[in-house]
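There are two complexes below, and they share chain A, which is joined by chain B in the first and by chain C in the second.
And then the complex of A and B:
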């Protein structure tokens, strides 16, 4: 039922979920991820079809090294764009930030639709393939997700990640504790864009064609559902949400058109039944007592119980 | 004495208007190094607005704030904090979703500073810095009697513990001047009794100057070297507790002049 192709899509969903999670972990509801995803995808589609130096062959093959280069470039371009628009946009809060980032998604979509070199409504097709079947994409997407997951996990044990959590709880107080809130919010926004841009670059090759519809407001809403269903308190939440909600419409295909109704029901009932999302820090601590945050907890010279000293 | 005349913090003709309301109206005073300086006044006198102006949360309509003689008016809160100015909040603004320990680690993030790359790669210098932050955090928890609560979520603490955590968190940023906004509010009598001693102790151990807003006037009378009194945004008195206590303007502000309404808390009273 789940083939490699669907698995790749699920992993891409998880990556985009993480891209929404990073600003949200800083208290910023940004829906800009599809814009950065579209930027990365369009860049990869353009480079691989137009720039012969990357080594696309006549039979549609593509060197792996060039794909990796595109992942980096897609991330960089999206990150650069985020850096540029982030400063003015992140002055907004809450629902206003959400609306501004939706506007960004629309601007990018309309630009891709109308630019003279992006193929209009049809888009760019026959994007060369670095892999002969989906398993190559699976490995690459898995590696990308592992990298993004590692980033999120490391953040938990770093001043930057703690600053993000502090801003989410109380931005004003965080500023008064010496945190440059503008800078931290901008970093989270840029990281979010980098993840989305790289994912887009991979997706362009995987899908073989790329057009403006890849990054639309609909996608924003779907990605938000990933995070809401999975849980926004840990990075594993959006990953699970992305995997499940990408697979669900495909797995429900046998039931026909009712599947979209069922899918809608899941998104509707999720927040009602599990308001914190499926994965919460409390759940993780119950499972195996794994200390979720990477923070060291004990003092180095405990007065009472030296055996608690971690090595 | 005269050679070291530069105050740690000086407020010069500081004003803040909200529409037609002069919340703070040309207030001036200075806090000397090592001093405990009290700020009192009836409710709505502009004390918290003054704190917000000093800590950069609100920008002033006029006047200047000087730090060790240099102008810092209108700078962002995080800049001011890094200069050595830390505050607590009257209405408690802890990071409720984080543990008590993490609340302090947030405030300790620049003591010492670390690089993002070093943190990502978990470099030895990052580990050393984390260890150092953790030690400082535990020290502060110990000092404020919070170490048993280190793992608890800040939002779940009892009121008095949250007040002390606010102080610990402000101290964690390594300030030279601590702004305390009604630290006794909501405390039970026993906690109130201990507060004066705690503040004295912290001042000595951390070599602090303290600027304190408090309605619990007996506490301030005992604690402060000097104090200023605000009423309707205007500084109506300045001096030692003894001078202030006898100032006719202060008595009028608190007790009313016979025609007006003494809406406030009389000196010596304890509104809790």
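And then the complex of A and C:
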């Protein structure tokens, strides 16, 4: 039932979940991930089909090194865009920030639909394939997810990650403590864009075709569901949410059209039934013995109960 | 030349009127609860499909009940009113499932954004299961509009009656809403709750009832817009309301969150701006609303007519 193709989709879902999680870890609800995903994917689709120096062969093959280059370039372009729009946008908070990022997603979607070189509604197709079957994509996506996960894990132990958590809990207090809140939020936003851009570049090759629909408002909603279900207090939450909720519609395919209704129900009921998501720091604590437990505490820290959530 | 301009302006004002309806729906809920009901676009779709069914339309082959429909169609005006009431009831349902549970738990208000999105996704997909994904066209001509001619000639310009009707009905709805909010007991009570729910409650206003009223009226406004757009253009599929919902959001921010005159002015401004986009660039028209939204958020986050809100610490 779960084949390699579905596994790749699940891993991409987990990566995009991480991309939504990163700004949320600073308390900022950004729905911009699909815009960055679309930018990365479009770049990869354009480069691999138009730029012969990357080495696409006549029978649709593609060198692995070029794919890796595209992953980097997709991440850089998306990160650059985030840097550009992030500074003004991140002055906004709450609903305003959410609406501004929806606007960004729509502007990017309409631009990709209408630019003369992105193929209009049909998009770009016959994107060359670096692998002969899905298992190659599986390894690449797994590597990408491991890299992004390692980054999030490292963040928790670094001053940057602690600053992010401080801003999430109380932005004003964090500012008073001398944290440059704008800068930290901007870094989280750019990191989120880099993850989304690289994922888009990989997805473009995996899907073989790329069009404006890949980065629409619907996708924002879907990704939000990943984080809501999985939980936004640890990076493992969105990863789990992305894996499960990407697989769920496929596994429910026999049920037919009802699967989208069930999907909506998750978003509707999740915040009420599992307000913190499935994976919480308290749960990880209880599982015990995990390496990340230690990174949250310093020896000098007083005995605090991590399961106590600031409301 | 003048005729073309007149037509363009009327088209712009007509769609602007519908944007204003959607934005007013957001405004009502926002002023009472301080949150945005993201299911508004789904309620818009429901209004369009209800109007279609009430006017005697039959469900297509991909629907759950192919060929089913009312034995006799209602006249347009009655169908539109009933459809608006139906969307209002759907709005009440959204309040009950997406907003009330979070309010009872005093949860983070931003979560309502997520639950209402979920409610919208559920509603739109239920609509899709019932009606199928295909488009529906309303009956055209004199019958559809209750005996009115299909087009009028004003100052030498030929204008579709439905466009004029669109403008008149949304203007009437906006006027009625404003009068109701300003003059009636119910409207004053609603504004009191919007100002300060606790104090209003102490003064004997049943604030929960006012919240439900806001959701009903807000849903009815969206349903009205959906019905009008359906008759004027067509129903391209259950998702068509989502686009209008997002545009309404842009109008809301343009006018200023929570401001009634702002929502009206913003709607008209947005409609006219879109109508003035030259036809060679029509593909970019959908981005205009969001480009304006983006610019407003960055330059004047309180909107054109909004109050500046200072965060209390």
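In this text, the second predicted complex is superposed on the first by the 288 of 311 C-alpha atoms of A that agree within 3 Å, B and C clash if a C-alpha of one lies under 4 Å from a C-alpha of the other, contacts with A are read in each partner's own complex, and residues count from 1 in each chain.
Heads up, the rule we're going with is that contacts are C-beta pairs under 8 Å (C-beta built on N, C-alpha and C of every residue); 3 or more make two chains touch, one makes a residue touch a chain.
Note that the structure is predicted; figures quoted are calculated from it, not measured.
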(message) Output check: A:59 vs chain B and chain C. Expected answer is one of first, second, both, neither. What do you get?
(response) neither
(request) Using the touch criterion from the header, give the chain among chain B and chain C with more contacted residues in chain A. (result) C
(message) According to the stated criteria, A:158 is in contact with first (chain B), second (chain C), both, or neither; which is it?
(response) first
(message) Looking at A:29 after the superposition, I want to know if it touches chain B, chain C, both of them or none. Which is it: first, second, both, neither?
(response) second
(request) Have a look at where A:269 lands relative to chain B and chain C in the superposition and call it first, second, both or neither. (result) second
(request) For A:98, select first, second, both or neither according to whether it touches chain B, chain C, the two together, or no partner. (result) second
(message) Taking the stated contact definition, name every residue in chain A that is touched by chain B in one complex and by chain C in the other, in rising order.
(response) 172
(message) Considering only the defined contacts, which chain C positions touch chain A in the complex?
(response) 35-36, 97-98, 101-102, 105, 107, 110-111, 113-115, 117-123, 125-126, 128-129, 242, 246, 249-250, 253, 257, 283-284, 286-287, 290-291, 293-294, 297-298, 301, 313
(request) Report the residues of chain A in contact with chain B in the complex, numbered from low to high. (result) 151, 154, 157-160, 162-163, 165-166, 168-170, 172-181, 187, 293, 295-301
(request) Going by the contact rule at the top, pick out the chain A residues touching chain C in the complex. (result) 29, 88-89, 92, 94-96, 98-100, 102-104, 106-107, 110-111, 113-114, 172, 217, 221, 224-225, 228, 257-258, 260-261, 263-272, 275
(message) So in the complex, the part of chain B that touches chain A is made up of which residues?
(response) 55-57, 76-78, 81-82, 86-87, 89, 93-98, 101-102, 105-107, 109-110, 114, 116, 119-120, 122, 126, 130-131, 134-135, 138-139, 150-151, 169-170, 172-173
